[in-house]
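I've put the structures underneath this note.
The two complexes that follow have chain A in common; it is paired with chain B in the first and with chain C in the second.
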Partner chain A sequence: MTARAQLLIELADDELILGWRNSEWTGIAPFLEEDVAFSSIAQNEIGHARALYDLAAAELGTDADALAFDRKPEEYRCAPLVQLRLVPDWARTIARHVLYETADAIRIERLQEHEDAELAGIAAKIGREEFYHRLHAEMWLERLAGEARYAAAVEELWPYALGVLEPELRPALAERVGRSEVEAVERSEPGEEFAALWEEMTMVRRSAPVGAQW
Partner chain B sequence: MTEAAVWDALAEIPDPEIPVISLVDLGVVKSVAVEAERVRIEFTPTFMGCPALDAMRTQMEAAVTALGGEPEVDVLLDDSWSTDRITPAGREKLREAGFAPPAARAEAATTLLQLQKAVHRCPYCGSAETRLDNIFGPTPCRSLRYCTSCKQPFEQFKTI
Partner chain C sequence: MIWEVFRQERKGQPFVHGGSFHAPDQAFADAYAREFYARRQESVALWVVPREAITTIEEFPDEFDLKYRRVDGYSIKARLKEARDRAGTAAD
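Showing the complex of A and B:
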């Protein structure tokens, strides 16, 4: 696989799995506005994943659904941060939201400068939508800053947040978040928490006969 | 078959989620090129996760087929769609249907404070006394606002 396809799949896996995790709040968020917000953010993230998989699939001679659903659990490349199942803990959910959106902004800004016009173009489009996710995260950061549970959640998830980015982009994240770099939780073969998500996420696809029309 | 005829046919297709405006009003058709029977349409989608995208594409293909052409719809995965592409007629139709049209794309990035303080008129009574209730709404493209003058909640198109 080329470095380009690898990059697209890592990004897409992050967005797909975070979208899935965010959608776990649908119907059970602390209040209705957040039910709507997390569901809408999930929809956007999964939309980004689809477009990124489409680009990778064109290169690999497959399609987006096959990349999203037909791989084995150990073949996914998503960062450990997005794999964590955080419902029903709102403080940790918001800590992940703030950290992920901050990290994601850094790599999307970088990708917009890419010499490959397709990568730069898709990054610019994704960036327009992610802007609203960041405003939403910022609103929650203002509300929860200074709360002990939120501070503990950020402390716990900080090494995971660093693991979302390539090492060269981590100093920028540390600066934006206002923390020092520590040893990151790196991407590796996903574990049991992810396997349970994968079971649920791919269930329909695996139970439908090949070529089923919806 | 002329390009104008294709544009006219596409202008008849309602947006699947907000049927008061057409796909041409929405600005998702970037170009139309006719070469004998072949009709190539550049389709620049709104939000990437919008579930209406597949329906839009299918309806554009059907419209071209109905004219006797062979459709080829290219989906552009770049930043070429913006809410600035919604036509003046489209904006007016949105307002009449109770959706506040989007503000123009700003040169610099908007801040949360600017978004909260921005003046958006109520599409029902025209008052500027409205507040942002939720950045997110029933579809990815909309936010929720509330008019403190006529007490009417309404949907605001996000600027993209």
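Showing the complex of A and C:
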């Protein structure tokens, strides 16, 4: 697999799994309005994943659904940050949301300058939507910034957030978040928490014969 | 805090009331308005207003039955018939 396909799949896996985790709040978010808004953001993330998988699939001679659902759990490349199951802890969910969106902004900005026009183009598109995700994250940050539970959540998730980015982009994240770099939780073969998500996420796909039309 | 949203479907058209929701401040209200009333491109612009900023007026006294001030004017049908009867030119 080329470095380009690898990069696309990493990004897509992050967006797909974060979208999945965020969608676990649908119906049980702290209040109705937030329920709708957060679910909508989750759908956007999955839309981004689809667009990124499409690009990778064109290169690999497969399709987006196959990349999203037909790989074995150990083949996913998503960062440990997005794999954590945080329901029903809203403070940690928002801490992840804020940290992820900040990290994602850095890597999307970088990608917009990529020499590959397709990559740069899709990054620009994603960036325009992520802008509103960041607004949403920032308004929650402002609301929860003084809370002890939120501070503890950021403390806990910070090493995970660093692991979303390549090492060269981490100083930028540390600067934006206002924390110092620590040892990151790096991407590795996903663990048990992810296996349970995969089980649920791919259940329908696995139950249907190969090539079934939806 | 309750917010009222008015949405414009196309440029140049009037804003019409879309609905209302709870949000703690303007930033949340803006975000929610965007998600509820514009995410499917169903609006080109939104007005997001705290309900308390809206004044409701619903007392309009009309004690002396001043019909002639109303836009629909007053009915001349009965009087016209009366006049025609008197002149002997009643419409058949």
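As a working rule, the second predicted complex is superposed on the first by the 214 of 214 C-alpha atoms of A that agree within 3 Å, B and C clash if a C-alpha of one lies under 4 Å from a C-alpha of the other, contacts with A are read in each partner's own complex, and residues count from 1 in each chain.
Heads up, the rule we're going with is that a residue touches a chain if its C-beta (ideal position, glycine included) is under 8 Å from a C-beta of that chain, and two chains touch if they have at least 3 such contacts.
This is a predicted model, so every value here is computed, not measured.
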> Are chain B and chain C a fit on chain A, or do they clash, once the structures share the same frame?
Replying inline: clash
> Thinking of the overlay built on chain A, is A:136 touched by chain B (first), by chain C (second), by both, or by neither?
Replying inline: both
> Just chain B (first), just chain C (second), both, or neither: which does A:31 touch?
Replying inline: second
> When the two structures are overlaid on chain A, which partner does A:118 contact: first (chain B), second (chain C), both, or neither?
Replying inline: first
> Now for A:54: first (chain B), second (chain C), both, or neither, which partner does it touch?
Replying inline: first
> Which of the two, chain B or chain C, is in touch with more residues of chain A?
Replying inline: B
> Just chain B (first), just chain C (second), both, or neither: which does A:126 touch?
Replying inline: first
>> If we overlay the two complexes on their shared chain A, which of chain B and chain C does A:46 touch? Say first, second, both or neither.
In response: first
>> Looking at A:214 after the superposition, I want to know if it touches chain B, chain C, both of them or none. Which is it: first, second, both, neither?
In response: neither
> Given the superposition on chain A, at which of 2-10, 20-28, 56-64 or 146-154 does chain B overlap chain C?
Replying inline: 146-154
> So which positions on chain A get touched by both chain B and chain C?
Replying inline: 33, 36-37, 40, 132, 135-136, 139
> Across the complex, what residues on chain A touch chain B?
Replying inline: 33, 36-37, 39-41, 43-48, 50-51, 54-55, 118, 121-122, 124-129, 131-132, 135-136, 138-139
> Can you list the residues on chain B that touch chain A in the complex?
Replying inline: 47-50, 76-79, 81-82, 109-112, 115, 133-140, 144, 158, 160
> What does chain A use to touch chain C in their complex?
Replying inline: 31-34, 36-37, 40, 132, 135-136, 139, 142-143
>> For a test of understanding, state which residues of chain C touch chain A in their complex under the given definition.
In response: 21-25, 27-28, 30-32, 34-36, 39
